[in-house]
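Should a chain be cited, it is by its letter among A, B, C and D, assigned in written order, with residues numbered from 1 in that chain.
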Amino acid sequence: MTVTGYGQAIRDGFEYLLSTRREVFTIGQGLWSPWYVGNSMTNLDVQFGRDRVIDTPVSELATTGAGLGAALCGYRPVVIHPRIDFMLLAVDQIVTQAAKWRYMFGGSVNVPLTVRGIINRGGEQGAQHSQALHAWFAHIPGLRVVMPATAKDARDLLIAAVLCDDPVLYIDDRWLYGLEEELGPPVELDLRREGPKRVREGSDITLVGAGHAAWLCVEAARHLAEDRIMADVIDVRVLNPLDARLIADSVRRTGRLLAVDGGWTTCGFAAEIVARVAETVPPSAMKAPPRRLTLPDAPAPTSGPLEKNYYLSVSDVAAAARQVTGSRGDAWE
Amino acid sequence: MRAEAELRTAGGPELGTLANAASHHEALTLPAQDRDWLVDALRRMVLIRAAEERIGDMVAAGRIRCPCHLAIGQEAVAVGVARHLRPSDRTFGAHRSHAHYLALGGSVRRLMAEVLGKDTGVSRGMGGSMHLTDPEHGLVGTVPIVAATIPIAVGAALAARMDGRGDIAVSFFGDGATEEGGFHESMNMAATHRLPVLFVCENNLFSSHLHISLRQPKDSTARYAEAHRIPAWRVDGNDVVAVAEAAGEAITAMRTGSGPAYLEAVTYRWRGHVGPREDEDVGVKRKDDLQLWKRRDPVRRLHEALVAAGDLDPGALERFEAEARSEVAAAWAQAEADPFPAPEALLGRVYGGGRA
Amino acid sequence: MTVTGYGQAIRDGFEYLLSTRREVFTIGQGLWSPWYVGNSMTNLDVQFGRDRVIDTPVSELATTGAGLGAALCGYRPVVIHPRIDFMLLAVDQIVTQAAKWRYMFGGSVNVPLTVRGIINRGGEQGAQHSQALHAWFAHIPGLRVVMPATAKDARDLLIAAVLCDDPVLYIDDRWLYGLEEELGPPVELDLRREGPKRVREGSDITLVGAGHAAWLCVEAARHLAEDRIMADVIDVRVLNPLDARLIADSVRRTGRLLAVDGGWTTCGFAAEIVARVAETVPPSAMKAPPRRLTLPDAPAPTSGPLEKNYYLSVSDVAAAARQVTGSRGDAWE
Amino acid sequence: MRAEAELRTAGGPELGTLANAASHHEALTLPAQDRDWLVDALRRMVLIRAAEERIGDMVAAGRIRCPCHLAIGQEAVAVGVARHLRPSDRTFGAHRSHAHYLALGGSVRRLMAEVLGKDTGVSRGMGGSMHLTDPEHGLVGTVPIVAATIPIAVGAALAARMDGRGDIAVSFFGDGATEEGGFHESMNMAATHRLPVLFVCENNLFSSHLHISLRQPKDSTARYAEAHRIPAWRVDGNDVVAVAEAAGEAITAMRTGSGPAYLEAVTYRWRGHVGPREDEDVGVKRKDDLQLWKRRDPVRRLHEALVAAGDLDPGALERFEAEARSEVAAAWAQAEADPFPAPEALLGRVYGGGRA
């Protein structure tokens, strides 16, 4: 067991894949840069050669399409987009091509393509360097979507994504790169068997989040415990296809739900969580209205004080959770 | 003929007689050797046309419902390029790809089954006319999002180079596809990494209802290959000999690492953008041109040449057509009798290993 | 009053705008074609000239960006995308540019751009000619999203969209083009004041839908009435920003919700409707679990029999509504 | 010099000495007239450099937090093009646009306020360094999504043509932007509709850490203009006279309906891709080249020429620099004292007429 950070764990995942599978390669912007994707791929080009760790022109669409083409021809490429915002130029290849090729061609075509989209926001970068659109991609049948919230998942879900025969969108978050954890050796998970995980036990309220939002929930739960509010925390991990049973079971017990998400509200991922719970948990079990905590309905501003109010913090989550646990039944009106 | 030379001549429509409906009506000039293949090519083109005419009739009759884009009149491009391909090569097409599928050796019956939405179709009834695949013959896939398969073909070329067996990727697309940004990104990526991909532009002068003169400053698309410093060939797309020769030069070089190549084949579609009608009412002076283009018939011109050369008798074409029509009729009958996919197919084919 | 179809009503809207506002023009694929966008723009180029009704190369991104550029320079362009699927190639210009320019530049820049995306599906066209991704765009702050369900709205919401100083995504559905209605003269609505509308009164269940789904709800309500099931039908009309109060009020009265949507389930528009209701309607008021009726979690197949099962029909909606009204409280378990 | 000619010369890096760090160190050759403007141009370039050096220092000091991409070393391109623009023209930039903003006459104080996130900033603190606007001087907007403003500029050109006042649109972008599909779509649209848009490519040979030789088959981007049959000029981007001359020819023609034009200005950035450091460690032989490129200084070369011509005394440059530094210092002090946007700005600036 060695202590490893989230960013380093991603690199460990790549190192494992590139050393154990000759059909794996990675392609995208910044792979030959010392800083482009943080420390998550440092010197992989030196270690495995620039034929398997390929930096590219500023051509998101062609780069993603090229990854898909190689995936259709026996390889397991990982296409890197240093920002979700840039990846949007390749949406056709991800959503209308990769996610649909198996189906359109009868179901037996394997599409072992992994697209890695990095959420890279804050630091007064502004509206075009800020978007987290995981809800968009979780909306698309045929596309698996994973968001690791821990160093272990950052490594092992990357490996699972690459070994999966379906296209997978793997979304990591630069805000988590410093997160450290004791890690054993890499494991090869079957992504089809992976789903949400309870990462903390509690009986007063259910906190649900994916990626950085899951981390916020865990941290907030610590603070809440100090006030004797025991939160049940679910790390979603796999957003699509979504298996929400664990979440519904938890809310049945706690009677309270706070869905936390780093995306926007309307048609966002938190909406799906609330909807799943509303469809399956009897009202009699609910002690308070389900609640969403998401980004304000605005693009990201740059101005420091505004930006500080814009993004979610641990204390925002704790405060919202306190409200929910403090609220009585009439809170609906 | 290499395009660079021509590109240097400034101004005016750049395709010259290639875009002139009144030209190139004469019989083809045949090479000394290769006569057996030329006869095969004629048979193949006749089969493609018979199959597409059948599909057109069945669309008109309401027995096929999926949108069908017919390549009648453009058969020589697919057949000429296929001449130099092997099953381990990776070919991609678009919305108008029946001819690509059949030229590579695809089964008529499985094509008919696909357009009918049958479980025996090439895509098991999930894709119809616009989504064809035939890995066994090297056809990876064809899809109707314009230009979408161009970067995918570049990735297949990357895979081919990694495989190191001298295989190549081929991307068939139309002149309209050259207006999509992804096409240009793909050419730059292929040129920068010197990938073995053959870009085949079937320039039929139209994108849907719009003549190329309303969409681009010049009528030749090889301009873009030149910009990306990709060697380009420009040929009469209704001359299977010229197409095969150019494709041969390009592909031979590519298999030994010369990087990407571009083939612009100028041709014309006899039917409307979609469906069986001739759409004479649509587009710039299509009515007059269509009649002339029909005289640049890739099938008739090859047959006449083979007759003149004494390789075929004057009645051969009619015989081939009759044979093709009966083969197609039989395939159609089988396909119509075939079963539709089971209801479970709706949700059962989304993910690998069943629904996870 | 003259009887007008939905497709013709769209053309009436364009005719009104092009005749009364010289700053209005329209640009997109198929505008010089006799059939490309159905009968919704027939001969506008002949009537107003090809300088104001501009057909384009197959370049969705540049066409949309050009519309935005003209909108920033005093015009009110309508960019046409004959299919939502094609429009995805322009997502950057719609979502990362148009929706954010006002905000990124301080709030005072007007962006009077209308993007018209047509839902064109069915007829065995398959997975790449089928997508309805209104949920994606409703997720984006700064972008107004409207979906007309009637001929009157098809015309008047188009006019409202074009006269609005914010970017608007106007989504019409080819399946509605035949829908006829008696129409008076065009009216200039202020889009900022428009929102969901109750189009039918009832006390047993609330049916909610947008665009074609709203039409399905209205038709289903007719059938349900025959069985004495009285449905309250809400036509959403404006998906973003979404004012859900009317919907919540309705569910408070009926105690039952069926959210119908022609998009996919996960993070779809129906999820947002269910979430809004769950957040605001007290469980005590709910007589049955809220229910979503959406597309199956699959791309669109072409095969006739599969396609028939894939898309929603009036009877599917009626059947689901009967289930909801028939279900008892224990239906949650 | 028109690019077509050069494009005909096959093979090898196409920029020749323009891309050679060791060349073009000599003083500029000045035109007979225009001396007053040249002195203004020198002052303007000095002001731009002083402002960017200040910004760099403040980033290093942690007093500016938003990402700042400095154009130090590239000042001549913005100033040379601005020479021929009027406020009714519509200019667009990208992530590295401080110089474009200042060259058009933007206020230093409002720039400083913007990078500090103040309500008095050009974008009221909502955009920072990468999102600048100044309609009063014709700068519509600059954004960091690479190539995003290119099609937007084409739309502005469409608007300009509809206005019929002879105004034009200008799109500033880098060599990396030419790898985005949207750039090619935009050129085709501009060429097809003959729109008055000047494409200005500041080819500094790098996109972030990657030299153009690792991203494109050739080092000149005017190739693409040629493909779209758009007249192209290629110049030393560190020679404000050459830039202004080429821009002048292109713009004069454009105002009278000649359609789009392309200007490739070859230059080099002295600082890293983002931030104040010189990043000598990043990219192909940047360390050696940077020292040489600094000797191709657009400021020094203009000053020397003006001294040689007797228009300025040898001490003028230092005087201008001192004046610029104090103007910048004052602007900075004011900006630092300015207020941040009120909390309501967070939700109040999303839609028109307040939140609907």
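Assume a residue touches a chain if its C-beta (ideal position, glycine included) is under 8 Å from a C-beta of that chain, and two chains touch if they have at least 3 such contacts.
The structure presented is a predicted model; accordingly, all values stated were derived computationally and were not measured.
In this structure, the chain pairs B-C and A-B differ in their number of contacting C-beta pairs, and the larger number is found at A-B.
Farthest chain from subunit B (centres taken as the mean of C-alpha atoms): D. One simple way to say how far apart two chains are is to compare their mean CA positions; for subunit B and subunit C this gives 38 Å. Taking the mean of the C-alpha atoms as each chain's centre, subunit B and subunit D sit 45 Å apart.
Between the Cα centres of subunit A and subunit B there is a gap of 42 Å.
Centre-to-centre spacing of subunit A and subunit C amounts to 29 Å, using the average Cα coordinate of each chain. Touching two or more other chains at once are residues 56-57, 59, 61-62, 85, 89, 92, 96, 103-104, 126-128, 141-142, 241, 296-299, 301 of subunit A.
For subunit B, the set of residues touching two or more other chains reads 125-127, 131, 143, 145, 148, 179-182, 185, 188, 192, 214-216, 345, 349-350.
Against subunit B, in their complex, subunit C makes its touches with residues 29-30, 32-34, 36, 55-62, 85-86, 89, 123-129, 296-299, 301-307, 309-310. The touching residues of subunit D, when paired with subunit A in their complex, are 65-67, 117-119, 125-128, 130-131, 143-148, 176-177, 179-182, 207-210, 214-216, 281-282, 340-341, 343, 345-347, 349-350.
Touching subunit B in their complex are the following residues of subunit D: 4, 8, 10, 179-185, 188, 191-192, 214-218, 223-224, 226-230.
Those residues of subunit B whose C-beta lies close enough to touch subunit A in the complex are 90, 92, 121-127, 131, 133, 140-141, 143, 145, 148, 150-160, 162-163, 169, 181-182, 185-186, 188-189, 192-193, 345, 348-353, 355-356. Taken together, the subunit C residues at the contact with subunit A in this complex read 85, 88-89, 91-92, 95-96, 99-100, 103-104, 126-128, 131, 133, 135-136, 138-142, 239-242, 263-264, 266-272, 274-275, 277-284, 286, 289-292, 296-299, 301, 329-330, 332-333.
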